[in-house]
């Protein structure tokens, strides 16, 4: 009976997340690292994302109205401040931006129907068939990485036989639902199921996201942060970035790791490594 | 005390009522019934013309919605980050509109301010209908309207519930409660008048009113229970009304966006709501006074009081508006400050300045008696005030989307499509349609309370004369 | 029918093919099923390796560009769903670029040609293969009397056994006219490289360099083998982190990743390079590296003169020279913007001379390993070849023209009357997967298998390590019954020309298999022929370890003329720099929706063409973004929206190539304009190659304005947010970081 | 002895008041003050005061409704949250206090209002408090006094009414 459940587990129901070592005993906590010094802005990852996740091509008109559906977009900035220099002497600044899978996600709180919520393995999931399209999540997302199906794309985005390319592991979203980067959850699920049947945990490098797999410079690293030996876990540790902290006290100098909008206390699961430039050049 | 005056001439032309004259204590009660019931008689052609117009407007709105439903929200030219556009802005506008009616009526009722009596009926009707209009926008803005019931907490085998953390769910609950209570309040206040209608009506209408008046005969027992119940509901309604718009404010205040994440939003919203509501009351007051020849009941002194009240509220709103700017300006939230500056200087600057002018400067017209006495000016002013209030809502929504945290998604230009405008206009059609129907089916002036009013006043006068 | 293995494979593909229809219901919103277009069928005894719901990977080779990356195709229920990099391939290193990803859209393109077309009464009409082949054999079959120059085969960059087959086919006419045209040809650079470094296509050891000085070489974007280069670049950026200096008139993707980017006037790269050479040679240790006359001639290249000509600040020359001296080994590269000039070869030579001076040859520059099958290596395309073809057509000499993988009517410059000359050819055949502008002018258009449906082999002209032959195998059953493999068609003709040599090969598969297995000894494989073949298919590559060869540098070929300023033609005040997008290239990929919608890396514009103009210039001319400009050269004019682009030499305007198709399917048609058409007839003095970057233009405002369709929002700056943080190299402890680059 | 009704119409409250006063003082046999009902177009507390105490119980309903609404509101919401499968959202506790307070508050008011209305209806003895005699002029401006008494007393009562200038006397005569 629900009431007894409420009373029995009251204390556990009152826990706030994220907290220190939240995933210490968990099997999985998916995380990512993006090295902005390696990223060349070549768009391989974005195209891979289109291919893997059945992203619709919206066409010129819709794109011009700002209705693009790229879960993963590469932003190009010409400077940190508000003034444009005459020449970009140190090149452009590329930023692959996708859902940051926040541990304390602003979108999750406001969804009226709980279509977006946090999974035990630390993903910010989006349940398409629960979504009613209030777009409150997008309104409250500081990164603006949630994309809404403004049109009935299944009817217009894949003229025959393009639909044959669609990935059967990923649903094609109908009009009126919100969608976003899922860390290629279909791949994760498959790998987890495989591992479960073998009675083990998913090994590091066994599964990765489409973007990370494609990236010609391997700027993107993906993996299981609950496994301290995994590539991502090592990098996070090396960069001394604490998942559950909103102010990173770093012991060492010269570390490049940072999270975007840390001060908003969204606790993103994506770690960016600062872009490096030779100032003498 | 009741002198039989020959009132054969009232049917033909309006009696002259001097401007300053308040309601006449010696007016025959039968006369009150006659005058009010007359407003419910067979409408004049002009009524049908206006009704047809609003019906057409509503029809167009429905067409736009159907088109949007079929094609997807893309036709509204919404985008990322401009995800809400006019829909939510107009939603807040209507919610705000709904506030004065019931809230003022309740407050004044508790305070025994008898000048409320001739005007509260239509004000409460206004509340109810603007709530029903606001409700439409909640549905209209959904991507999948056909799944709207997911927001309702109903038991199901999957153990899925709405997300009670979401201000939208609070909204749904609050608005539901408010609508129900408002309707109960409106209906209760009407029962004695419905009895009057029953007693005068014939045929089908008689049956109709007979049913609605719940066997009211004005017995002492009925009056006693009625008084207590009505007062209690009034007491409930005051905090409720306040909570409703505070909750609408939390839709924004609870979210994290710059320009929304502001502590003073709830009172700010409530003030804005009362403000637009009062303005709307003035508008309808003037219209009804003219159309139904209610000069004797909706007297200038009452309008005067309403105007002064509106002015006071306008100043409260202005104050809250300014401290919102101030707190952002002196606060350490650089993003919020950025957004504020953007509002004043960016793409939306004209609307923003217009909003501030209409909201804070125009109401000073209400400060002058000469202005307050001029119905035409008051009509224009009240309409302007509501334009300003609509702009306020628009200025809350769009600029924050256009200039939020994330520079990459700053929009350089965004304008709603005709579909959005169509649905917004449609909502006005829908509202006036409902209101016009109400005026013909129910008494827009509370007859029994006007009687109470004149009775008590004449008693008081007698007491003075002794 | 063919050998036993084939039957297996074909059977297996057929099985998949049937299921292909059934499987489409899984993903695509069920429309096709509901509408009854496709039937759901159950597997009838599926092959044991075809598990419904499980994706299987098959190795193949990417044919999107000439790099020959090994790829893995994910096949599920008989449909190829996605391509990934093939870890066996040293070229791709298990990675893949946007172009490669989009290969599936070549395959599934809704505008693909599904039946042969024949010209009847002036227009192309669908016809049957029998009719088509009958016509073809009538003209080019056994009875054909065409000789030598009367027949020509025009292709894009083609390699492997397809190339060999084309050669054999032309041999049967005693013709040598295999015309390879590449609109983005690097022939000039290769010539210079051959002269100075002794190798047309030397190996670039980017990861070994500590400093890269690139004159407009876009090795990360539209260069040769970008995926491989990107992997090298990643290692180059790891500790000890190398420094990249880019000098070019218009910022390329590589330039966007440079530590330091210099804008200079187009065509003056050579001058700048010689300026550097001069600065270096003032230091004794380099004195011996170049002949005395050159050293003497360089005297005039003092920094002021150079600065005056190139428009780069005078201090830049000693600074860069200093960097070059500090960091060894370094690597100096020349690129299209330097080579596509009237003095292109000279520029390139001057740039490469720096490598000689700095002694990079043998360190960061090496010769490619000698290839056992040189005839399979892709031959470099050139513009000269196209002009020759054009002349022979115009003179009426050319009687039959076959075209595959090339679209000159779109990509040839406007002043070259290619279309008109083509009309003079009585018999023109195009072999295409989708009709393009050139095919639309042909008399016979044959629908080809997509690269994902056909067998083939690829040998890139750039072999990063040892020797790699990429094997291309079908990843699924042909989508359309009426399409055929390129190889099969050519083979059919050859069988008619030389029955005795070719009757042994029922189809291209058999031909390829035999060809590969015959090469087994070279790869020192102990396997049986069949196993060797299956193994090649499984891994997708044939590899041979071979050491890089030494380079024989020769500085004396560098011509050092007197430095002189450009003469400015007042009527055409702006330099015109056509930019090459890594995804659209010369426009052959403009029919792929993913690439059309993937924002251009530097401008984030989609689905369109644009004119890049420097903000300062735009301010002078009062041009705002979205203003429609007319860009007019002596040879023509195009209109496009203005885009304010800071990565540009202020006297320069730039337009991207690849857009402006008129007959290339729904996704390409009407998108943007084609800047190829306004290039001036200017040629490199030494090689006679088209000087693509030498055109000068005038900008006219039309007064019209349109919204720019781009991903970028109202600002292109970070506005004080910490989005992309940048740290100085000496502040970052890269050495302590765990490198995770695929080796 | 059978009880019958009689009802008199009065012009204003004074006359009606006097009539009532007299009825009260005249302790007629077969007539009780409880059986008197006033029907008036507006409420007139002083007049009804003459009828003696007639308590109203609406507030009790209100109280019950409010309390019920608050308690069930919170319990239902909290237990629903506790059993929702997709629990964790934005790192907030599964059962967060502030949102639940808001919702509890709304339900507290809703139930309060509805119960008040219900209470009032019960107070009116709905459905079917059909009083035998009614005059439509009551809803206009007249005050009516309805009396139920032994038929013997009726004449006396009517006499009182007429003495106080009642406009009209209606009654059921057997």
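When the chains are written out, they are named A, B, C and D in that same order, and each has its own residue count from 1.
One rule holds in what follows: a residue touches a chain if its C-beta (ideal position, glycine included) is under 8 Å from a C-beta of that chain, and two chains touch if they have at least 3 such contacts.
Because the structure is predicted, anything quoted here is derived from the model rather than measured.
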item	value
A-B against B-D, pair bridged by the larger set of C-beta contacts	B-D
Chain whose mean Cα position lies farthest from chain A	D
Centroid distance [mean C-alpha coordinates] between chain B and chain A, Å	44
Intercentroid distance (Cα basis), chain D paired with chain B, Å	30
Between chain A and chain D, centroid-to-centroid distance (C-alpha), Å	63
Where chain B and chain C are represented by their mean Cα positions, the distance between them in whole Å	66
Residue list for chain D, restricted to those that touch at least two other chains	80-81, 83-84, 86, 89-90, 92
Chain A: positions in contact with at least two other chains	68, 73, 75, 106, 109, 111, 114, 261
Residues within chain B bordering two or more other chains	160-161, 163, 165-166, 169, 405-406, 408-409, 411
Partner chain C, residues of chain B touching it in the complex	334, 338, 402-403, 405-413
In the complex with chain C, residue positions of chain A that touch it	36-38, 40-44, 46-48, 50-52, 54, 57-60, 63-64, 68, 70, 73-95, 154-155, 158-168, 170-172, 174, 210, 213-219, 221, 231, 234-235, 238, 252-256, 258, 260-261, 272, 274-281
Contact footprint of chain D on chain B as seen in their complex	1-2, 28-30, 33, 153, 158-161, 163-166, 169-170, 173-174, 176-177, 180-181, 184-185, 188, 192, 195-196, 198-200, 214-215, 217-229, 232-233, 236-237, 239-240, 243, 247, 250, 448-449, 451-452, 455
Residues of chain A that touch chain B when the two form their complex	62, 65-68, 73, 75, 97, 106, 109-114, 130-136, 138-140, 142-144, 146-152, 175-178, 261, 264
Chain C - residues contacting chain A, complex	20, 23-24, 26-29, 31-32, 37, 53, 76-77, 79-85, 95-98, 100-102, 104-105, 107-110, 220-221, 226-227, 230-231, 233-234, 237, 241, 243-246, 251, 253-261, 263, 323, 479, 582-583, 593-599, 601-602, 604, 606-608, 615-616, 646-647, 666, 671, 707, 709, 711-712, 716-734, 736-738, 740-742
